[in-house]
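Would you mind keeping the following structure in view while I ask a few things?
Chains here go by letter, A, B, C and D, matching the order in which they are written, and residues are numbered from 1 within each.
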Amino acid sequence: MNPLVLVFAAPLLGSLVLAVMGHKPHGRNVNVAFSFGTLLAALFLTIKIVAEGPLFAFNSQFFIDSLNIFLVTLTAFIGFTTSVFSRPYMRIEEDRGKMTHSRMRLYFSMYQLFSFCMLLALTTNNMGILWVAMEAATLTTVLLVSVYRTPASLEAAWKYFILCGVGIAQALMGTILLYMASQKVIAPGLNPLLWTNLNASKSILNPTIMSLAFVFLLVGYGTKVGLAPLHNWLPDAHAEGPTPISAVLSGLLLNVALYAVIRCKILTDGALNNNFAGNLMIGFGLLSVLVGAFSLLRQRDIKRMFSYSSIEHMGIMTFAFGMGGPIANFAGLLHMTVHALSKSAVFFAVGHAAQKAKSQMMDDIRGLIKVSPTVGWGLMMGTLAILGMPPFGIFASEFLILTSAMHQLPWSAPILLLGLAVAFGAIFSRVQPMVFGETNVKPLPHSPALLPVFLHLGLALMLGLYIPNYLNQWFLQAVAIIGG
Amino acid sequence: MANPTLIDLVLWVISGWLVIGFLGILTLHKFTFVARVLFPLGGVGGLILALLALRSLNSGVDENRTLPIGLPQLIFHLRLDALSSFFLLVLGVVIFGVSIFSAGYFRNSAGTAPGLLALEFHFFIASMALVLISDDAYVFMVAWESMAMSSYFLVTANHKMPKIRAAGFLYLLVAHIGAIALLLSFGVLQANSGDYTFSNMRIQSLSPFWASVAFVLAVFGFGAKAGILPLHIWLPEAHPAAPSPVSALMSGIMLKIAVYGMLRVSFDLLHIHLWWWGVLLLVLGLGTALFGVIFAAVQSDMKRLLAYSSIENIGLLFSAMGLALLFYSYGMNTIAALALTACLYHVAAHAVFKSLLFLVTGSVLHATGERNLGRLGGLIRFMPWVAWLAFIGVLASSGLPPFSGFVSEWLLLQSFLFTPSLPQPILNMFIPVATASIALTAALAGYAMVKFFGVVFLGQPREEKLNHAQDAGLFEKIGMVWLAVVTLLLGLLPNLTIDLMEPVMRVLVGQGLAGESKSHGWWLLTPISIERASYSPVYFLIGIATAIAFTFILVRILYHARLRRSAPWAGGHAWTNSRMQDTAEGYGQPIRQVFEPFFSMKRQLPKPDDLEPKYEVIVSDKFWEGLYMPVVRLTEFLSALVGRLQRGRISIYLLYSFITLIFLLLLVPGVKI
Amino acid sequence: MTELSIQLINLFASILLLLAFAMLAQRRVINLVHIYAMQGLTVVSATSIVAFVTHQEHLYYSAVMTLALKVFLIPLVLHRLIKRLDIRWDVETLINIPSMMLVGIVLVIFSFNLSLPISKLSTSVTPGTLGIALACVLLSFMMMITRSKALPQVIGFLSMENALVFAATSATYGMPMVVELGIALDVLVGVFILGVFMFQIREQFESLDISHLENLKEE
Amino acid sequence: MILRQIFLQSIVSGASLLLAPLLMGWVSQLRAWLQNRKGPGILQPYRALHKLFNKDSVMADTASPLFRFAPYLVFGCMVLASAIVPTFSTELPLAKAADAIALVGIFALARIFISLAAMDIGTAFGTLGARREMFVGFLAEPALLMIFFTSSLIAHSTSLITIVHSLTGSSFAIYPSLVFAAFAFILIFLAENARVPVDNPSTHLELTMIHEALILEYSGRHLALLEWAASLKLFAYSSVGIALFLPWGINEAGSDISFLYAIPLFIFKLFSIGILLALIETFSAKMRIFRVPEFLATAFLLAVIGMLTYILLGA
């Protein structure tokens, strides 16, 4: 049996089952089980790909190569760890009366469906299905963000829906243009929307249509990536939803959207033979870095702050991919991986911290190291990882990005320097008094799930010091696919 | 491995430190074990490292090693050459003293658990050693930032005080910005070859413009770590905040690591050398030195005083380096070697005596609980060990013969006297001024040090509780005695030390001084020629000692007057008390007056009718108001501006998307509107 | 393809544009729904013609689906929403209607120009339709920007989607069936979610005026 | 050879030890005459030293060992200083051990010891004196160094002997840079030896005193040593002045015959310096302590200008 079927079946089935019994006490465990199943299926798929090379499935509608396989694994992995984190977290939310039974069912069911949508978006070969999956991912997360039904969460979800909906509509326009361009040139009998077919004949696609298409696609998927100035939904959605959702939004959804942009960039580059797409991405990237960094300074809500940090990091990645070249692309992929791991770890720690303090306001969170040393150190280490302190992996990718930027685009170096410095100052000055200092808050009733935090940080640490050879090979092959 | 090479052994020491650190985590709260076993063990590691480095310097080792970690295309490249060996030697020597001291210093009650402290401490020293043997940009940066991070945690060991947290934050922020600048500098140096090893950087030929960019970025990055003006701002905050052994390590070694990096980049990695680089370093260094020492003289917190004194010394190091670079850029390699010798000598000397002095403040702090000079005094009577050891450090720090600080100062001034031979007339004009400021700095350093020693240890105790101060414990004494002995040796045996630097000079400028410097015997230092200049601390010491001994004996033999003790005479005033001594502020008053434009001062003067008259002067750094606050305000302004992007209105957000779309469509090639 | 069908498609395109302008000018919410339904009908007609001319079977399915969804189901849902929520008027647009029309005209010229190079290269028989579809997208976009109530905003969103479907059928003779189905499903689910939301928003804020949704912002 | 060197060195050192108080006495006698007083006689310093050595020493009960040790060290420093400065002969084996920079270092070492000793007792006067002494020192010391450097630039050496050699060298030359240096030196000379207008050695007025405040707590043999050290300092400074600015006629290594005229000539120069000093002290008034920085800064700047002049004119 094709392992891809399992990869899809596990979350879909989980979604259905949990829609029925998600409110039961062991619904949490079932959620973990299904996520674990997805992870196993993804690993199985990965092993198959490693052994046999790229894979087509279902009449070429699905295509798995080195560029998406590591994202599939990453998505399944973070999906799993987040479900582990959800166990005690949602239990406390339920105890505190923020979640009713029906909301629990909705939450778990949508959580699985969301995983499914992302895996679908990652593995599909059809640019149309990619669009559909992205839109579906938006819809599921809209429900997840609004799950508390508070005025703030409704407002956040509404904005999220409208802004991303409109954005995604532009991506549909782009897809139509793409289709139009390929329809004219592609050999009859081949599906003109399949990425592999497009990629094979990308050099003969009409450059004008392709550049128009790329603009629409970039605005569309870029909205989901959270590129400034299309980013306005992102802090609201991160801050008002449940923390596990913030973790997967930052850790996964943004990556998937960026993945879509990269796929489009590959085609555009092939058609245009200039760096039009790259330049646009460089511009968006730098703007996002600056906007993200300067916005960080004024935050008082901890989740909001880290969501701005995600904007900044997505900016760095977009910049890296825009710049292109083997080193920058490698660094961009590495950054995607490590940022996902570190940022979700930070959100896990933040979740526990905010639950302890019963507030997301940073002024209310103090002395974590005293209440719970593990949460405190988890937040501190996660923050340092996010800020690019070695030996965490983000440092490795930032190292490569900055050093190659210094030669390829020297003028951008001061901007990046400014952005990183401001971000560092802003985040660290807030996190330090939260972790250190005095407090009189009592410990939580349920022991926090810190395994995911340290697992993620451990992996992020490892990737800074040692990248396993097979992962390196994937990255290298993916770099070859991205080219540029 | 049957016959491990030196670099392997160095790596074993580093890993040993890491293991000690992890043992610390395992024994988080076992105070006695951590203090009595782990810290001395780490100290022994330092000693072993020093011996290895000595061996390496003597045998002229140049060993490479790669470790299969790091980035896949860039595994860790390590290299042990003469330059790293020299710094490793300094590192090992200082760590031995500081670790042994720490064994007796840390108390169980401090904010951070002892085991965690051990982890941070050993991680810190291990990362410093790793910086020194790194041979590619990645491992260098990893070790560099680990060093910053671990020292940050050490600085904030007592994190319950908001002031300490603020100091730690400032420190890490400056360190991080500096690190990004370094990263960019390495980015230039690798010249887009994608190969980040130092050996690749050496063979890249950059245009003068790009080489200058790399150099200036390196100055910024390393200067931020070293505390060069105007990036010194963190230093006087972080040093007082940190526990004393940590201040000792930071001041003694970490600042030198920045000097090492600067030497590595400017002499080793860059293949061309422009004369104005030297001038830049020289000007920065001189400014820093003068600034540091003037501020040191007016401080009223003993650790701040020492921190500013470290700024001064770093300034001297940078000016020596700048001078060397200047000579080197004109191909005057012998004289460049002279200036570099001065620089390296001062690295060693300052590392040892400044750590010693910081350890002294630790002992004083433990015995009295006071850091404020205004509440100390007379401790020589209660803590004679600490006081006399401090005295050695103070004399070395003041640059007095025959102590270690004098040798480096002497060498530096000697090299300045060669500057008229430079082919640039404008530089010749500049040199007298530079020399004058070096001389002024040296003299002011003496002023500051007299203040430090005199106010802390001499006179009468300014507080009642000082009468119960206890002398340092055994471990503390051993640590300090070790450093004091090394200080004395460095002062008395300059030729032996310069011999050790010989291979370093060969690496950096192609030739050394050793051939000439001991041509008249090991005891006489003649760096260029005997006619030019000579200095012999041993003779010097013998001369003074003979004179003193002669005088003493003669006075004893010829005269038989007795010695009586009585209350101080004090010009006949009957009612003197300890409050009538000069305060630290009073002692700094002449400096405040002469150098008034340097400071921004707030005075609180007592009025005639005050019932509790209070006099207070707060001297602060003009750089805060003049440079940092505007930057902070600008950043806040910009962030407010960016914050206006997000006003909560969905229509506006949609408008952003709309405008972005239209704008990008206009950018599409081939679209004409 | 016959001359007649080309003219018909061009006619429907113009009607679509006209309706887009009408939507921009219309203040009564109920009329917006009617216009939306008419847009749907236009799209259905255009799709059927293309299907008829190109003999693509899946376009017929697409037309039927659009008819069911956009002419009947969604307008019906919207009607009921309006009744239940009791909203008739969108009191004030953020910009007055004449200036909005002016901006609209500029947008139309812009999109025509934009699609000009593509139309020249196009082998399609109806080169102008892409420009019109693009203009409709932008006009709907503008409508979303300027409306201050939640429901008109949603209608703007839906009409943008209509324009996109029109672009797909007229410029490319329809996307593959899987994609069309997916798009339709997404739209349907989206409308339901929005409907649920609107009830909840009214419950929480006691109004559907989106100016109440401005609490999450930077100080 | 070695014996000869040790012999010569002892002669020179012994001579300076014995001559130093004489110079002191000569200056005060001259001052007395210039001020129409009778004066204590030129040998008064010897008598004073003898008296002090024979007296009991009274020491504050709070004094630390540092306090007792300081007079010996200061005295030792001054002996060493006068041993390495060429007086009437350049054949000084000890001079190799310390050059001009080290000489400045020796003075600084002595200064720091005496200042610390003054702080040790913890009286108001002691700390005041220490502060003022260091204050004068931090300006005078670099100025002195600059003066040495001006001549070092000419001689391409910091060794005092080489400097004297090259200044007395084959051909007579006028060095304008040395003129500046000489003026600077006179100012420093006054300041460093606690002379009017910077300090007045014959007063104990607390508003003005510097040197006296430092040694206020000393008595008996310790005071004697300090006084002797002060006269040695005056002697050393005078010798420095002679060596740098009036070096002609000094005995060069290898020509023993020149001792015949070198020694009398040196004594003559010394006495002339004494006259100059007495004149200056008589015709100027003591400055306020706040004016001292200006005075010393002038000296410092003059010395720097001296160096600049050398670089500009090459002479």
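To be clear about the criterion, contacts are C-beta pairs under 8 Å (C-beta built on N, C-alpha and C of every residue); 3 or more make two chains touch, one makes a residue touch a chain.
Computed from a prediction, not measured in an experiment: that's the story for all the values here.
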| item | value |
| --- | --- |
| Innermost chain by mean C-alpha position | B |
| Pair sharing more residue contacts (C-beta pairs) when B-D is set against A-C | B-D |
| Rounded Å distance, chain B centre to chain D centre (Cα mean) | 36 |
| Chain centre separation (chain A, chain C; CA means) in Å | 31 |
| Length of the line joining the C-alpha centres of chain C and chain D, rounded to whole Å | 100 |
| Rounded Å distance, chain B centre to chain C centre (Cα mean) | 69 |
| Residue numbers of chain D (touch at least two other chains) | none |
| Overlap residues in chain C, where contacts from two or more other chains coincide | 114, 117, 141, 144, 153, 210, 213-216, 218-219 |
| Two or more partner chains touched - positions in chain A | 158-159, 162, 166, 170, 208, 212, 235, 295, 298 |
| Chains that touch, pairwise | A-B, A-C, B-C, B-D |
| In the complex, chain B residues that touch chain A | 68-72, 137-138, 141-142, 145-146, 148-149, 156, 159-160, 162, 165, 168-169, 172-173, 176-177, 180-181, 183-184, 186-188, 190-192, 194, 196, 213, 635-636, 638-643, 645-646, 650, 653-654, 656-657, 660-661, 664-665, 667-671 |
| Residues of chain C that touch chain B when the two form their complex | 94, 110, 113-114, 117, 138, 141-142, 144-148, 153, 210-211, 213-219 |
| Touching residues (chain side chain A, partner chain B) in the complex | 158-159, 162-163, 166-167, 170, 207-208, 211-212, 215-216, 218-219, 223, 228-230, 232-233, 235, 274, 276, 280, 290-291, 294-298, 326-327, 369, 384, 387, 389-391, 395-396, 398-400, 402-408, 410, 413, 417, 420-422, 424-425, 428-429, 432-433, 436-438, 464-467, 469, 472 |
| Residues of chain B defined as touching chain D within the complex | 377-378, 380-381, 387, 391, 395, 398-401, 406, 409-410, 413-414, 417, 420, 428-429, 431-433, 435-436, 439-440, 442-444, 446-447, 449-451, 453-455, 458-460, 520, 524, 530-536, 539-540, 543-545, 547-548, 551-552, 555, 558-559, 561-571, 573, 576, 578, 580-582, 586-587, 589-590, 593-594 |
| Chain C - residues contacting chain A, complex | 114, 117-118, 121-123, 130, 134, 137, 141, 144, 150, 153, 157, 160-161, 164, 167-168, 171-172, 175-176, 178-179, 182-183, 185-186, 189-190, 193-194, 197, 200-201, 204-205, 210, 213-216, 218-219 |
